[in-house]
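Starting off with a structure, shown below.
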Amino acid sequence: MPSTETILNVGLTHYLALSAVIFSFGMIAVLMRKNVIVMLMGVELMLNAVNLSFIAFAKESGNLSGHIMVFFVMTIAAAEAGVGLALAVAIYKKFHEVNIRFFEHLRG
Amino acid sequence: MSQLLPVLLLSLFVILFGSALLFLASRIGAKGKPNSVKEETYECGIPAETSGPTKIPIKFYLTAILFILFDIEIIFMYPWALTYGDFISGGYGIYIFSAMAFFIAVFIFGLFWEVKSKALEWE
Amino acid sequence: MNHAILILTLLIAPLLGFAFNGLRFRSHNAYLAGSVATAASFISFLCSLALFFQLKDLPPEARHLTSRFFDWIVVGDLRVPFGFTVDQISAIMILIITGVGSLIHLFSIGYMSHDERPSKYFAYLNLFLFNMLVLVLGDNLLITFVGWEGVGLCSYLLIGFWFSDPAKAAAGMKAFVTNRIGDAGFLIGMFILFFTYGTLTYSDLLQLIPQVVESTWTGPLTLAFLFLFIGATGKSAQIPLYVWLPDAMAGPTPVSALIHAATMVTAGVYLFVRLSPALIFAPHAMEVIAWTGAATALVAATIGITQWDIKKILAYSTVSQLGYMFLAVGVGAFGAAQFHLMTHAFFKALMFLGSGSVIHAMHEEQDVRKMGGLRKYLPITHFTFVLGWLAIIGIPPFAGFFSKDEILWQAFSSPHGSKALWFVGALTAACTAFYMTRLMALTFWGKSRFGKDVHPHESPPSMTIPLMVLGLLSVIGGWVGIPHVLGAVLPGHPSNLFEGWLKPVIGHVAHHEPNVIMEWALMGVSVSLAGLGAWFAYHNYLVQPNLPKAVAAKLGPVYRAVANKYYVDEFYDRFLINPLIATSKAIWLYIDVNVIDKVTYFAGDLVSGLASFAKTVQNGKTQSYALYMALGVAIIMTFVMWRG
Amino acid sequence: MGTDAFEFTINFVKMVAIFLMMVQIVPLLVWVERRGSAYIQNRFGPNRVGPLGLTQLLADAVKFLTKEEFVPGRGYPFIYYAAPVVAMIPATLALAAIPLSAPFHVEPFEMFGRNWGPYTFMFQGYDFGIGIVFVLGVSSLAAYALLLAGYGSNNKYSMYGALRASAQTISYELAMGLSIVGVILLFNTFSFTDIVNAQSAPLNFMWFGKKVVVEWLPNWGLIYQPLGAVILFAAMFAEANRLPFDLPEAEGELVAGYHTEYAGFKFNMFFIGEYGHMFVASALMVIFYFGGYTIYPWLTPETAPQIMGKLLGVTSATWMSFWGSILLHLVLMAKVVAFLWIFIQVRWTLPRFRYDQLMDLGWRSMLPWALFNTVITAIVVLLMRYQWGA
Amino acid sequence: MLWDAIGFYGMALFLIFFALKTITVPNPIHAALYLVLTMIGLAGMFFNLGAHFIAGVQMIVYAGAVMVLFVMVLMLFDLKAEIRSFSRGLLSGALKIMSSALLVGFALGSAGSSVAILDSSDTAPTQIDVTRQLGVLLYTKYLFAFEVLGILLLVVAVGVVAVSRMKGGTHAQH
């Protein structure tokens, strides 16, 4: 059991732990949910968890590059969500289904 | 933490106020008997055939997706606008201007393309 | 203006020109394409001028402007900055490249006006210019190599520009393949240098090598230079890899002028001049270079005598002149090599463009036997061509005289030189005079031998202006390098400015006391040899037109050997290419089919057996893939954690 | 005195005040809107209940409260109930970030046998230094209330209304965000207070290395950013879903849009959100382009306390500062009310757009113009502040 | 310090709760709405960590734009709560849980073994300065990445329009 001091002194470790937990939730969503859109949300969750650790590190080291990185990650994530949802919509229009299993029809 | 406290407080007020009103209204308000006709989805008096919309114009997603992309480009201009004066007084005015000029050129190109491809056209 | 910006503009202008023309490559508008390309090239020229004058204002020891934009490659000990340097050598090179390049761009507008794909042509030309500038400006061997490969690519594209003709496409291929052999040498040389000295940056290399050369074995250095020289023989068309250059004449004539006479083929010379402070510590390599250069000069000159295609003659002449430059490099006369590079760029570009003008006028006819008497049809072309002719055969005070004489004198007097080298050089000079006069006689003088349906006409101003400018340069271009002995007797004592300019950056070999009388004497000998050759050709081809045939008949097999280029191509075919093909065939039929195929089939069967098991993994389920990814990460993490 | 507890109390009081302000805007504006519309369109407004119909508001409240609580049968009750509450949050949070007056300074004084102060009281809910970004971020949440309402009611009119509303909101958010870039370029700050302070001075700018001062003009953003002001104001109309941009509740097409199924106080809460938006929008316009709570050269944070001191005969620095701040607050409110009146006037004057016209206007006209405004501003600012000859 | 800790743990608990709800609720719309709350909570976290501007961007971009798109799309699909929202397969499920748990375990372990503690007392002087520094950094050191992102966004915009216009491609006849 960590000491009271460690528990109360909220620091990098705590943020990283939180980030890890949220990341794992995102990962479970990606791995286990059937709905494509929820999977995409899982990806967003993972990216956000990583962002949190970036910001925590930036605060820890006093280096603003972490912020820039988060900025870029957000941009990429937004672009990814845009394309992912556009694909999901296109597939929904075809199969009326967003279950990931239906994406197997896209083979070959 | 203390900095965010007012924000939380205010949100809490709003939520409490809203819930209280809803609760009050449900207590004070007239009591009607629920019946199937009343609970029918409103459709100007005729029986509703479907509840939600069935055919959705693709335009809405497209608008939303394009909004995200352009929104980010605009967000990128905020720090630029903020530091523009500093760059100019530091003697890097032309640098910072051309840095953003390229970005805006890409932006304009994108906008132009979207207009030209009729992606932004509504009926 | 800041030199970094200048260098950047210098490099980017042709790149933008390339982008502009490359993106609208289907356009047929030769004037627009040409104007943009020429403008891009001219902007580069202005930048070069600005850089030159900036350089001139600096004290001689500090004359280098370096800008490193970022670190390109950082791997272990290898640190390659993406940097460019303008110093005395590269300043001259970029002036030549962009100056002559601009003129040739201008010329091309007229020359390519009826072509089907002018945009593509100008795009390639600008791309070439960019790559050549990268080659010259790179501040380390790797950047130079990037440019080196880039110009090779552009050369290939432009030689095969009219690729619908199989022969021309094949010529492009030949150039490319031959150059690859050289490039392999270049790479190996580079590896050796890096392996031995741990750096590829010129400034570091040239600083380091003189320091360590005393205490270490110079074997690797010699070896590196020999391999680099293999690279140079490829790019600069020396024995044994010169065979591609005459075939490269399949490309458009301005391309021959720019790439295969003025700039690209001199890259090898440039490289050795650039590395000359280190080269002087590898005397054996220098010896090889000197003799290869001399031999190339003589062999190419003799072949040139027997050719009938106007461009082929000029091509062999180029090979021969490049041989001169390597001779100069080999005897330690680096300044003279660079000097000859410059004057040669002027007069050879002039003559190629002139020949382009002739070909244009003769409706794509290249055989000199079907020309003659063009003087009265093409007065400007003729006049400028005469200037070039006088320059190349070495008549004072034309440009070629000073540079060639300098080389010959150094070949004679330098500690690395010898009388034999001088003799070969002088003989080549006589041959040069002979075949160039022959070219003049057959093309411009005498009676016209073309059909009635051909109506030669003078070219448009966009083609004649470059000719005139280059003609002027062919006359005065040599005056910056007047030798001391001559300068001493001229008013104002114009001593060797060019040598003085280059002095801080090139290698120096110990010299004997200059023997003034000897130098005068040799100068006289070379001029008279040139005069003799010229007179002999004039006599043969104009006064007694039947004489050449008689001589040819009398010499018989020797003549045939020379006329067939010493059967070098055939020799390569029979002893290199055919055996290679035969061996490959044997390997294919016996070893490949019986051994390797069996092995591979077995491997294939094994894999497909395994795959039929493993393909259950690849089931098209996205989440399974995600799971494998996660598992992989988990396993790696476990491994890392476990190892601590 | 524990600073934390003190700060907490102050913040608590402020938040309550802002929240009350937010809630009381609605009845007042509803009354103004009714009377105003009656005046504009030449008809009878509420004039029966009390003087000028003022107690109509009370009657309304009673009526709202006593309405039957109703959930559509096929709706999703939780979301249906959450939507109106969510609708109030963005505007309230945004309002709290806006400085309503100059801060007033409490000089050290003694009371209850203890020394207090000095203390600077901000007339602002909170000041994060990134005010503009905060307001944008919070108000970008406004789309959720609409979507929740549309989805929760599970009615096709509601859904279409919600869709249209959110598509419209986000489309105009682009033009809005971009026109604000011009303001930031000009003042180089995200803080509202700094923007207002910069405007409480004579018109001054650098022109090719020379400083130009025009004494008789205030340094208002409108003078530098006329185009930006027009775009921002128009975008604000769309953001608040007001006529001529009230497509989401276009009666002829969609019954009442996303709040078709809402009645009673739930409906009223949407109104609180809408009027709050209007208020925030007007305040932003005033702060960005019209000098905020100052009117140079008469009323600035420096002169206001003096004026009030003379007027009320108070000499204590604290009280002068206090009354000065109140005066400046009134100035701000006067300007805001003027803008609110424009909102109302426009609503009862202009016809509604067609939806395609609306989207066209947003994407193909206002966005390019805003972009143009940004580029021009950047160029002019560069020319103005470039160090010529340096 | 105590208040900071309480604040952090409170927010962290909320975040974890929302995130957990996001991935477990059967109705995708509820999942999206919980995700919005997670995003807003994360913005608060960023704010606490001194990244005010980034927090604002998180609100504008994630909460205000990306999630609006998610919610919009989901509402239009009108998906009912899924009866089986998780994919089937006992072995793969176990593997998935296991590998996630393993990764989180490692992350927690390495985070825990690093004893660095943030000095939460050093509040950055004025937050506008952080934003300014961020701007300067973005337009100098990361200029290239910034410009490239501009082009990326352009490409995505074009790609999205192309995808939404797709008529079914090669297998359209089934």
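Worth pointing out:
We call the chains A, B, C, D and E, going by the order they appear; numbering starts again at 1 in every chain.
Going forward, a contact is a pair of C-beta atoms (placed from the backbone, for glycine too) under 8 Å apart; a residue touches a chain by one contact, two chains touch by 3 or more.
This is a predicted model, so every value here is computed, not measured.
Contact with both chain B and chain E is made by A, D. Minimum number of contact steps separating chain A from chain B: 1.
The greatest centre-to-centre distance from chain D, using averaged C-alpha positions, is reached by C.
Distance from chain B peaks, on a Cα-centroid basis, for C. For chain pairs A-C and D-E, the one joined by more C-beta pairs in contact is D-E. Centre-to-centre separation of chain A and chain E, using mean CA positions: 5 Å. Here the CA centre of chain C is 57 Å from the CA centre of chain E. Measuring from the averaged C-alpha position of chain C to that of chain D gives a distance of 71 Å. We define each chain's centre as the mean of its Cα atoms; on that basis chain B and chain C are separated by 62 Å.
Residue positions 27, 31-32, 74-75, 78-79, 81-82, 85-86, 89, 100-101 of chain A are each in touch with at least two other chains. Residue positions of chain E touching 2 or more other chains: 3-4, 8, 47, 53, 57-58, 60-61, 64-66, 68-69, 72-73, 76, 87, 96, 99-100, 103, 128, 131, 134, 138, 149, 153, 156, 160, 164.
Residue positions of chain D with contacts to 2 or more other chains are 4, 128, 133, 159, 163, 166, 170, 173, 189-190. Contact between chains, per the stated criterion, is found for A-B, A-C, A-E, B-D, B-E, C-E, D-E.
Within the complex formed with chain A, the chain B residues making contact are 58, 61, 65, 68-69, 72, 76. Those residues of chain B that touch chain E in the complex are listed here as 1-4, 52-53, 56, 58, 60-62, 64-73, 75-76, 78-80, 82-83, 86-87, 96, 99-100, 102-103, 106-107, 109-110, 113-114, 117, 119. Looking at the complex, you find that chain C touches chain E at residues 623-624, 627, 630-631, 633-634, 637-638, 641.
Interface residues of chain E, counted against chain A in their complex, comprise 1-2, 4-5, 8, 12, 15-16, 19-20, 22-23, 28, 31-32, 35, 38-39, 42, 45-46, 49-51, 53-54, 57-58, 61-62, 65-66, 69-70, 73-74, 77, 79, 82, 84-87, 93, 96-97, 99-101, 103-104, 107-108, 111-112, 114-118, 120, 130, 133-134, 137-138, 141-142, 145, 149, 152-153, 156, 159-160, 163-164, 166, 168.
Against chain D, the residues of chain B that register as touching in their complex are 2-3, 5-7, 9-11, 13-15, 17-19, 21-22, 24-26, 28-32, 36, 38-44, 48, 50-53, 56, 59-60, 63-64, 67, 70-71, 74-75, 77-78, 81-86, 88-89, 91, 93-94, 97, 100-101, 104, 107-108, 111, 114-115, 120-123.
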